[in-house]
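Below, chain A partners chain B and then partners chain C, in two separate complexes.
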Partner chain A sequence: MANIAAQRIKREFKEVIKSEEVAKCAIKVELVNDNYTELKGEIAGPPDTPYEGGNFILEIKVPETYPFNPPKVRFITKIWHPNISSVTGAICLDILKDQWAAAMTLRTVLLSLQALLSAAEPDDPQDAVVAKQFKENAEMFHLTACHWTNIYAGGPSVNKDFDDKIKKLVEMGVDEHEARVALSSYNWDMERATEQLFS
Partner chain B sequence: MGFEITRFQGDVDEELVCPICSGVLEDPLQAPVCEHAFCRSCIQEWISRQPTCPVDRQHITSVQLRPVPRILRNLLARLCINCDNAEYGCTRVLKLDTLTTHLEECEHNPKRLLPCEQGCGLVIPKDELKDHNCIKELRALIQTQQHKLNDFQQELAEQRFTMVEQKRELQLLKDFMKAMRISNPAMRAIADQMERDEVLRWSNTLIRARVTRWGGMISTPDEILQRMIKRTLSECGCPAHILDDLMENCHERRWPPGLCSLETRQTNRRLYENYVCKRIPGKQAVLVLHCDNEHMSEEMMVEPGLVMIFAHGIE
Partner chain C sequence: MAGNSNNLNLAQESCISDPDQLQAPEARFECPICLAWLRDPMQTSCGHRFCRKCIQSWLEREKACPVDNKPLDKDNDIFPDNFTRREISQQRLKCPNIIRGCSEDLSPLDVEAHLLTCKYGVPKLPDNEKLRCSFVAFGCDSKFEDEPEQQRHLEQETQKHLMLLSQAYSKLILNNSASTSSAAIAEQANFWDPPSKNDSNAMQISSNSNESVHNLLRSLYEKIVVLEQKNREQDIIMANMSEQIASLNLTVSKLSLRYCNGCYLWSITDFKNKINQMRVNHQIMHYSPGFYTSTYGYKLCIRFNLSPKDPTYVAILIHMMKSEHDNSLEWPFTGRISVTIVHPLDSFQNMRETMMTRPELEAFKRPVQDLNPRGFGYTEFVLIEDLFAQGFIDNNNLVIKVNAQPV
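Our next item is the complex of A and B:
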C-alpha cells in the first residue's frame, strides 16, 4: 500500500474513533486487516426514517491510490433503499464517484451515507425497483424498508403480516430471502410474487 | 507527501496539515480564492486528476496555485521534527528548515557509504556492512572482471583476424601497383611524384630543429638506439617507402663523402649550419631530408635524407 494511503487511513481511523458521532454510537469503524487496505464500517439508521434502530455494516476497501480516488464502499447488511442495490449492496452516491475530493475522510463518507439514508434520491437510483416503489407508493416503501431493517439490521418494528406471507412461501419451498425480495418488489402482493417465483 | 505528524515535538496546528496526505505541509502551495494549502506534490497529483480544490471543490488549475504566505512558511520552518533516521538511532531533533542539511550528513543514514575495514577496499552502504563478506564480494568482482577479460580477448582475436585479412589485401594491392609501375612508364612517373609529395607533406608537419652542439653527433649509433629512432619516425608519420632507407642513413658507413669520416667531417664542419634540420619528437636526433636540402652539394647530401643522432645539444 502506498505510503500516503496508509498514513491517511491510520489518521482517519483515529479521527473516527475519537469523533463525537462514535460517542453517540452513530458511526463506527474497525480494521479488517493489518495493512489498512480494508475496513469495516458501521452506521446507525437515522431517527425518523425506516432505518431507525438498525445497524448497517459496510465494507470499505481502500485503493492504492487513496485519497486521490475514493474508497470503495458497499453495504454488507441488506437494505431496502432507492440508491442502494438490494442485491449487491452497491451504493449510488456522488461523493463515492465523480464528486469525491481528496480532503474527504472515512468520517465524511460514513456521515454522508447516513445522510443518504435520511434523504434518498430516487431520481438517481441504484435499484430501479425500489426507486419506483419509493415514488409511486411511499407508504408501501416505508413498510418494506422498516421490515428489511427489522430482519437484517436488527430494527425494532416487526411486521406480522409480511412475516406470515414470507412464511407461506418458505413452506412452499422458496428461499426466505428470495421470497422477501419477490414480495417486496410486488408491493407484498402474494399472487404476483408467487407467479414471479414459479414462472 | 508531507511529514508524518507523529515526528513532531508537541502539537501541530491543523492549519499546517495537508488535507490530502494528512502530513505536515511539505513545500506547500495554496489555492487562489479559498486559500486552502497543500503539499506541492499532493495538490499536483490531485489536479492532474481533476481541476478542483480537494476541500471545497472550487475550480482551480495548476497555474493558479500560489506559494503560501511568509507567516505560514515561518511557522512551518520553526516546527521541531525528529531525523528521518530516528529508527536507526539518530536522536537529533531539528527545526524543519534545517532537516535537509542534516540528512545530507546524518551518520545514522543506513545508506551512507562506508569503506570496509577488513581490507577488501570496497565502499558499501552502512546497512549492508553487517552481512558483507570480503571474499564473496571480491570473488564476484573477479568474476565480472573475468567476463570482461574474456570479452576483450574475443574482440582481440576478431581484430587480429581482420587485420591479417587486410594485410593480405594490402600486399595484393602493393604487388599490383609494383607491377603497374614496372610495366607502364607513365604510371612510374606518377607514383614517383606521389611519393615525393608524400615526403614533402610529412616534412611540413615536422618542427624545425636547431643543433647547438654539432660535436655531440654519434656517427656509429648502436642497434638499440637505431630501433628507438625508427619507432619514433614511424609513429610521427614517416612514409613507409623511405623509412628503411632513412634509418640506413643514420650510420657513417652510408653517409655522403663529405660526412663519412672524421677527417671530412672536420673539413666540412662550417657547412653544417646550412642544413635544414627537422626535429624527431622526443629524441636527441634530427632529420635532414633531401627535399629540404636541395641547396646542399652532393658531397653533403644523399637521397632520401640523413638521420643524425646526438648525445645532446638539440633544440
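Our next item is the complex of A and C:
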C-alpha cells in the first residue's frame, strides 16, 4: 500500500476515534487487517427515519491511490433504501464516485452516508424496486424499511403482520430472506409475492 | 543503506505508535490531502493550502479543489504560499525523544529527518522487548509490536488459549498426584513385570507422569488378560489331570483285584443302612468286585445278602465270574476257599470258615455269563445281631476276607 494512503488512514483513524460522533455512538471505525487496507465502519440510523434505532455495518476498502481515489464502501447490513442495493449493499452516492475529493475523510464519508439515510435520492436510485415504492407508496416504503431495520439492524419496531406473512412463506419452503425480498417488492401482497417466488 | 532503511522504519514506527510523538499540526498548517504538516505549501485560487506534491497529484486526476470542488487549473490556479512556509519553518517542536533525553528543538518539517539520526531513538529491540501474549506462562509464544496487535491476538486466539489453559490444568492435577505417589508407582511398575509382548520401556516412569500412569494401566490390563488366560489353561489342565487320576485309580483298583493272589478284603460300607434296606427287601444282594486267584487265574466275587430262609442271618457266597483268560484255565474250579468276617480290633474274634470246592456243582463250572448265577457258600453265616453285638461293625463298615486258592 502506498505510504501516503497508510499514513493518512492512520491519522484519519485517530480523527474518527476522537470525534464527537463516536462519543455519541453515531459512527465507528474498526481495523480489519494490519495494513489499513480494509476497515469496518458502523453508523447509527438517523433519528426520525425508518432506520432509527438500527446499527448498520459497512465494508470499507481503501485503494492504494487513496486519498486521490475514494474508498470503496458498501453496506454489509441489509437495508431497504432507494440508493442502496437490497441485494449487494452497493451504495449510490456521488462522493463515493465522481464527486470524491481528496480532502474528504472516513469521518466525512460515514457522516455523508448517515445523511443519505435521512435524505434518499429516489431519482438517482441504486435499487429501482425500492425507489419505485419510495415514490409511489411512501407509507409502504416506510413500513418496509422499518421492518428491515428491525430484522437486520436491530431496530425496535416489530411488524407482526409482515412477520406472519414471511412465516407463511417459510413454511412453504421459501428461504426467509427471499420471502422478505419478494413481499417487500410487491408491497406485502402475498399472492403476487407467492406467484413471483414459485414462477 | 540497509541499516539506514532499517532506522527509517524504526523512527516511523516509534513515531506512529507513541501518541505523544504524533504532534498533529494546527488546521492552518495541515495539508487536507496527506493530513500532515504542509511541505512546500501551495495555495489555490479558492484559498486552500496543500503540499505541492499532494495538490499536483490531485490535479493530474481532477480539475477541482479537493476541499470545495471549485474548478482549478493546475497551471494557473495554484501558487507557492511562502508566508505559510515561513510560518511553519519558524515553528519549533521538541524531538519526540525528549522523554529519553533529546533536547533538540526542530522545525516540524525536520522532525522526520532528525528522527532518522536521533541517538535517543529507541531501537526496535528484538524479541525480548516485544510485547508477549499474556498466556505466555501457558505456552503461547506470540509476540507483538504494539498493544492493539496484542489485543487482536487475544480476541482471535481464545480457542487456543482455552486449550492451553485446560492442558496446563490437567498437567497440574497429574503432577499433584504424581508427586505424592510417583515413587510408589515406580516401585509397583518395576514389580509388575509387563507381559513379554509389551515393550519393557513402556513401563518406565518418564517425566511425563500422565504417560506413565497410562502405561501402567495398560500393562496392568494386559497382565490381567494374561493371568486370566493362564487361569483358564490351568483349569483345563486340572480337569484333565483329575480325569487321569480317576482312570488311574480305576486301573489301580482293577490291578489290585488282579494281583491280590486270591485273597480279597471286601469292605462293605454303610453297613447299617444296607442291612435295613435288605430287611425290607430280602431280594437285595450285594456283590463285591471280581478278584483273581492269580494274575491270569480264576475270577470270582463275594455275594452278601440276608438268608432267604432266615432273614436274621447273613449269607456269604462265592460266585465264579467270566474272565478273559478262562481258556487257559482248568474247569471246574477246584480249590479251597476260606471266608472270614474280620473283627476290626481283635483278630481272635475273627469268624472264619473254610470250604472245599465240589466239582460236580454248577457253581464251579466255567461261567457262560459274566457272573455264574449259581453261588457256593454259607447261606446262614452269622446272625446279624451277633455282628453288631460282637463289635464287627466298625465305623459302619463290615470287612469280609475271602481267600480262594486253587489246588
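Definition applied: the second predicted complex is superposed on the first by the 199 of 199 C-alpha atoms of A that agree within 3 Å, B and C clash if a C-alpha of one lies under 4 Å from a C-alpha of the other, contacts with A are read in each partner's own complex, and residues count from 1 in each chain.
Methods note: contacts are C-beta pairs under 8 Å (C-beta built on N, C-alpha and C of every residue); 3 or more make two chains touch, one makes a residue touch a chain.
Given the structure is predicted, the values throughout are model-derived calculations rather than measurements.
Q: Have a look at chain B and chain C on chain A after the superposition and call it: clash or fit.
A: Once chain A is superposed (C-alpha atoms), there is a clash between chain B and chain C.
Q: In this superposition, which partner touches a larger number of chain A residues, chain B or chain C?
A: C
Q: One more residue to check, A:Phe68. First (chain B), second (chain C), both or neither?
A: Touch status of A:Phe68: both partners.
Q: Look at A:Asp34 in the shared chain and tell me whether it touches chain B only, chain C only, both, or neither; answer first, second, both or neither.
A: In the superposition, A:Asp34 contacts chain C only.
Q: Applying the touch criterion given at the start, work out whether A:Ala101 contacts chain B, chain C, both or neither, answering first, second, both or neither.
A: Touch partners of A:Ala101: chain B and chain C.
Q: Across the two complexes, find the residues of chain A that touch chain B and also touch chain C.
A: Shared contact residues on chain A: 4, 7-8, 11-12, 67-69, 99, 101-103.
Q: Can you list the chain C residues touching chain A in their complex?
A: 16, 19, 22, 24, 32-36, 48, 54, 57-58, 61-62, 64-67, 69, 148-149
Q: So in the complex, which bits of chain A are touching chain C?
A: Residues 4, 7-8, 10-12, 14-15, 31, 34, 67-69, 99, 101-105.
Q: Which part of chain B faces chain A closely enough to touch in the complex?
A: 1, 4-5, 19-23, 36, 42, 45-46, 49, 52-57
Q: Where on chain A does chain B make contact in their complex?
A: Touching chain B from chain A are residues 3-4, 7-8, 11-12, 67-69, 99, 101-103.
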